[in-house]
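Multiple structures are listed underneath, in structure tokens.
Look at the two complexes coming up: subunit A is in both, with subunit B in one and subunit C in the other.
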Partner chain A sequence: MATKPNKSAAKPGATRSTKVNPPKVRAGKAGPDRWDYAPAPESTKIVQLRDRYELYIDGEWVKPASKKYFDTASPATLKVLSSVAEANAKDVDRAVAAARRAFETDWSRRSGAERGRFLFRIARILQERAREFAVLESMDGGKPIKESRDIDVPLAAAHFFYYAGWADKLEYAFPGRTVRPRGVAAQVIPWNFPLLMLAWKVAPALAAGNTVVLKPAETTPLSALLLCEVLEQAGLPKGVVNIVTGAGDTGASLVSHPDVDKVAFTGSTSVGKLIARAVAGTDKSVTLELGGKAANIVFEDAPLDQAVEGIVNGIYFNQGHVCCAGSRLFVQESVADQVLAKLKRRMETLRVGDPLDKNTDVGAINSKEQLDRITELVGSGIDEGTDVWQPSCELPRRGYFFRPTVLTGVSQSHRVAKEEIFGPVLSVLTFRTPQEAVEKANNTPYGLSAGVWTDKGSRILSMVDQLRAGVVWANTYNRFDPTSPFGGYKESGYGREGGLHGLAPYLHVD
Partner chain B sequence: MVWPRIFTSTDTRRTTDTMAAQTKKTDRMTVPKTYKLYIGGKFPRSESGRTFELTDAKGAFLANVSLASRKDAREAVVAARKAFTGWSGATAYNRGQVLYRIAEVLEGRRAQFVDELVATGSTRRAAAAELDATIDTWIYYAGFSDKYSQVIGSSNPVAAPYFNFSLPEPTGVVAIVPQDSPGWRLRAIAATVAPAIVAGNTTVVAVREGNPLSAISFAEVLATSDLPGGVVNILTGDVCEFVPNLASHMDVNAIDIAGCVDGEFAREMELLAAENLKRVARPREFARNHVGSIDDIARWTELKTVWHPIGV
Partner chain C sequence: MTTAESTALRRNEPSDLPISAVVDGARAVTIDEVGAVQRAAAMTTRSIKTDAKLWGLDLAIRTMDLTTLEGADTPGKVRAISAKAMRPDPSDPSIPSVAAVCVYPNMVPVARRALEGSGVHVASVATGFPSGQVPFSAKLDDVRAAVDAGADEIDMVIDRGAFLRGDYATVYEEVKRIREACGDAHLKVILETGELGTYDNVRAASWISMLGGADFIKTSTGKIGSAATLPVTLVMLDAIRDYWDLTGIKVGMKPAGGIRTAKQSLQYLVLLNETLGLEWMRPELWRFGASSLLNDVLMQLRKQATGAYQGSDYFTID
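Up next, the complex of A and B:
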């Protein structure tokens, strides 16, 4: 059959997506190694959503001055989940004023130990309500419940727990120095890990004594809004965390607000550049965590089966909506055929579909815009002469889905090798010598992450030394931990989040 | 274009470096120095063939100094990039030795530098104090070469069977506009360039019109201190003319606009720098007693975090 990946998606995308499917796709037939299970969907009953969410400013739900609301829907079912307020410049102004007041009259005056207690409470309540958050995250964002349950939510709680402990130990983070909070932090986060990115931003900011105005992504605002309940249960003082929902304009008014001291942004490199311009000539400090086009390098001596798992985890984890996704696979020429055969066999076993099904490996593409972008870029790969391969999995009839895709015959000049696709699309290139691997891997304006697969320890360290990337995974991929600093080189941004280093951007160190 | 004039000196009587002064005192014809640029370890003239005339406070001719062009700036970036792999790959111990050597050679040429600072406006006493502070700063950073990564780096106790560690690495090519004010000429170069190169970065330094003599003589110190060519490149002239090209250059990773005192110009440089997300150090002044700071090293480093599995 012809594909039905995105029946409800873009008109132009639909023609493209027909093109990207392999000539012989058999409908409903699983690959040779896939066991089909009966559906095991997680119940959504645990999530009680309001019909409409206002802005969360100064501990209150307030109606937006804009009087505007927008819908947020599940990308898997296209069902509208709730309606969310759109903050305009006036609303942002109100939120920043609330954060400033809370900073000056309350939060910065509390002891570190006290701030830490609040963060510990938040971590614990997140753990208690983990299932609820995981289900909501999968409903609103389309990511498999397996991931939101095992990664996003536990890691978010762990971040709060980690930074809770720092709050009364800041003098050990920067020995011999005196530290003080920066003030009001403006934080803008993306839609790929909504709750986790919130935790990465809010936890260190509060631990260091700052107050926060946070803007969640337009397509995934719900977990941040549900978190407001957690903040209230934890008894967090009013105005310490304010949530303003909206799209790009809301974010722009937030980062350019004159009373903001610190800007933290995670998202695309193009928006990151706009933010760098918006703060030019001011005293605001900025951290940017932006795009990537990571190299995942497999040497001939690598444990190949393990490497294949790492390749799959590297690019198909969270539908490839990962800034550090291993989107460029570099395989040593001598094992390229072998690795590709193993990879395709493994990919036939991937279950693509209902994000809420506990068996699902690859969920829904987050939005129609993103699906269109992925479709367009894969189309460009075909136009430029790459070979496209997709497993024969069936896609749901509704919602935004895209088959896990492998592009071979890719050269460095192809768009699919240069641009961040932010989808389940792997570009495969080959190399002969370690030096060639390094040169090709570094041949990108990005520098967020990289993977190295080899049995030779000295080679790992030599590659680590030469790869211009902020995180290097050896014989693993896409690992995260609150203690482990994360962030990029070059156009992948600046500043680090996580670990001791994640505190520095939120402090004046005198 | 109005050629810049040098700063007013309060102590020009004792200037011995001008040709006029020297020819009066001795029968021997002196050999005046041609002040050229310093790019890739060599001393070329500006490719544009332009110079500007530097005079002392009384208007006496001091030198024709190269007026760097935008193309010179690009050449300097190429030289800095070429030097990056070698310098960033040098051992920390070696970088420390080279920085210490810079301090030694400066010390040996104190008299010349004091004269040049005096010729361009310092009092003799202030010039001597500036030399002391400059040498102190080079020695301070020399001693930091194999220590800052232990201070900035960490091993991270992740909740999984991995050995996880973070290390600072040099950012790359750093363009630097040092401050240029009385007492902060040679010293400003030390305070901005030393922390960048001690971490393995390579630099392109834009020196204002008022400060070229000691800066170019300093290049001679660098050239005789075992510092590989291209690690520090020095351009003299009208910074407003060529610094925008450094700020917008796609192969420059970072820019220090410490000395861009004009706020609007500084903002423009920051806007240009956003094009490839250069790391930017904004205009600032150092404290009077400033010697050095680990923050200025950390500023030009990128933290790399490595996950290595633990298993048998």
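Up next, the complex of A and C:
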């Protein structure tokens, strides 16, 4: 830009007209026109990626025995970001052996205070490098930078801080009982919150005195690999945390490895069932955090404008790639039209696009595979006779994107009301009485979370008593805190993560 | 000129509804405090750059009620801010005038003379501003005096004492009668949200004021500690939207007090944009009540134009 003014040449009081162009307008289909904002992209310069990542075993970067590598790409630009090693059974064996050695000879022998010190260090370094992690998380996974910046990374650090505090207080965590670590933890995490899920798993494991072999998801391995730098900066002893990258086979080798004492998995219910079968009959302890089809229930007396915010946050947060997403909206029939009109108007303001733009609300779908699944399920909804509504937002030409979608006229028996879509798709159902809401909400194989919107305090309490879901949010949705346990009923899994409850699975409590 | 600005506005008229219906409407909608605060906070993370920023800052000036409301106000002071209002930055003719100068009733004649022919409106606070704790007859006199002296706009205060003791009829009747006394002058109704205590009350007071015939609803006098906030403004904008849905009439919004920086003003404009949209982004339907905001906006505009920040001495105090 030749006309760009030179900073040093600017004189105080210099006369210079400010040319104000008319505002860019976004036309609203279901609401008024809006002032459109100029692009505000976050720079990616802060992230220094290697061309190739090896496996992180025993504090070293080691080449995979498989000799195989796979690419990881940005789902928004489809650009390949790096190449990542694929661990086979032999590599997993090596990683578990390293973790075992570190457990026996080092980590389990250290005092709780010492373990806590490492965890505090990791938490602080994560905070210091927060921007780098946020940008990388958005590059690799497609989630909006405002989410990785304001939620994923700060929460990940908060989990390390929280469990760091427990490390030297384990005997007070379970009064009157004696506790000891379980040993080697095998952890397999999903692609929707890569760094945060790592923190949920690694922090309590290490605080309790276990060592870890972790496998990140194959579409989002980079933040776990960058974390290895943080572990080294923190001086964490070799072998305490090992990262093996790969796809389903790598995960299967890991969870079924005979020298693993504890298995923790977050991901789909179908894979969760495979894992449960693989560990059946062994003395491994298991926690599974699986799928969901949460009911978000709006009563007629609810604060409707805030409920609409909760509906939007419930299902469009992170493109709907959230196991506890409020994917089934149950709205009382008397206010259904009003709520839908407000919802559509609100959805016209959603900004869908470049995950790295600071004003993006909904980013890219994580993979082609997931985009196909969402498209297929929405198609089934159309075939079954539901009405589809989407806002008028434009989608980028490249990359995997899907418009935020509302399906109305949905019945309990439709696939879109039963199956987890794991995308930005809301199925709207109505109810007449609180009893009907409870029955319909519970009428699902899942039971991870639910939302209740009402101005009546007593109704909140009675709903919470009756809903079979691990988390029930009242007049809010998708709020997380390290002190609060999280986990499911039925096919949403078992065991809890977060809080004191999240510590127990990593300990023998005698 | 955007297309929005050429749209003619139908003026809000006082309703004939009985007080029971007014109260039912006012209390029909509840507000969840945590949700409203969270939504408003989300607006502060919007990143407004380049052209969008320039347009936003320009709009902040065009919609500003430049205010002086001091016991120490003199004709000299009012003439000075009137000059500033008409030409905020004498070194840059592209900077627009503000929307209005806001003064006490006694100062209206001075402002009127100073602003004659400039297009900048004269706004006057009235009705026993800021507390409103005077007899109703005095409130009416206050308004009439300001209107007779040439005020284009009247900023009245509601009777918060009446509101808080549940006497909504008094609040409603006062707004209606003041509106009548305004004649052609536009009426802004100040809720003094900092004294109302809850968002439910802010919603109710907004609704009563609009049914009473307010042309604008306004957050605060600026004379108590707690003035305009983003969540309060959000609750009022939601009320304006619901009133528009119900009646087809567009009521204006004026946050006032505590808005001192260009960055804050952009946050308010983002909130306005994502609640009511571009249609409301014009002086007929949106005002900032502020005194020190103007110079910060000017500094930002100069920075956008020259690439460098300049010291406060390069901008006139008034």
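Following the convention adopted for this analysis, the second predicted complex is superposed on the first by the 477 of 510 C-alpha atoms of A that agree within 3 Å, B and C clash if a C-alpha of one lies under 4 Å from a C-alpha of the other, contacts with A are read in each partner's own complex, and residues count from 1 in each chain.
Please note the rule applied: a residue touches a chain if its C-beta (ideal position, glycine included) is under 8 Å from a C-beta of that chain, and two chains touch if they have at least 3 such contacts.
Remember, predicted model here, so these are calculated numbers, not experimental data.
Engineer: When the two structures are overlaid on chain A, which partner does A:P303 contact: first (subunit B), second (subunit C), both, or neither?
Structural biologist: The answer is second: A:P303 touches subunit C but not subunit B.
Engineer: If you stack the two complexes on chain A, which partner ends up touching A:T476: first (subunit B), second (subunit C), both, or neither?
Structural biologist: A:T476 contacts both subunit B and subunit C.
Engineer: Using the touch definition from the top, say if A:G487 reaches subunit B (first), subunit C (second), both or neither.
Structural biologist: first
Engineer: Contact-wise, after the overlay, does A:K146 reach subunit B, subunit C, both or neither (first, second, both, neither)?
Structural biologist: second
Engineer: With both complexes overlaid on chain A, does A:L290 touch subunit B (first), subunit C (second), both or neither?
Structural biologist: Touch partner of A:L290: subunit B, not subunit C.
Engineer: Figure out whether A:F265 sits in contact with subunit B (first) or subunit C (second), or with both, or with neither.
Structural biologist: Neither partner.
Engineer: Go through the superposed model and pick first if A:F103 touches only subunit B, second if only subunit C, both, or neither.
Structural biologist: In the superposed model, A:F103 contacts neither subunit B nor subunit C.
Engineer: With both complexes overlaid on chain A, does A:D455 touch subunit B (first), subunit C (second), both or neither?
Structural biologist: second
Engineer: For A:N359, decide between first (touching subunit B), second (touching subunit C), both and neither.
Structural biologist: Second partner only.
Engineer: Identify the overlap between the subunit B-contacting and the subunit C-contacting residues of subunit A.
Structural biologist: In the superposed arrangement, which is not itself an observed complex, subunit A uses residues 475-476 for both subunit B and subunit C.
Engineer: Considering the complex alone, what residue numbers of subunit A touch subunit C?
Structural biologist: 4-8, 10, 12-25, 28, 31-40, 146, 150, 301-307, 309-310, 349, 358-359, 455, 475-476
Engineer: Quick one: in the complex, what on subunit A touches subunit B?
Structural biologist: Subunit A residues touching subunit B: 158, 269, 272-273, 276-277, 280-281, 283, 288, 290, 445, 447, 460, 464, 469-476, 479, 481, 483-487, 489-491, 493-494, 496, 499-501, 509.
Engineer: Note which residues of subunit C are touching subunit A in the complex, please.
Structural biologist: 2, 4, 29-32, 34-36, 38-39, 45-56, 58, 91-95, 238, 269, 273-274, 276-279, 281, 301-302, 304-308, 310-311, 314
Engineer: In their shared complex, at which residues does subunit B touch subunit A?
Structural biologist: That would be residues 154, 156-160, 162, 164, 166, 171, 253, 263-264, 266-267, 270-271, 273-277, 279, 282, 295, 302-309 of subunit B.
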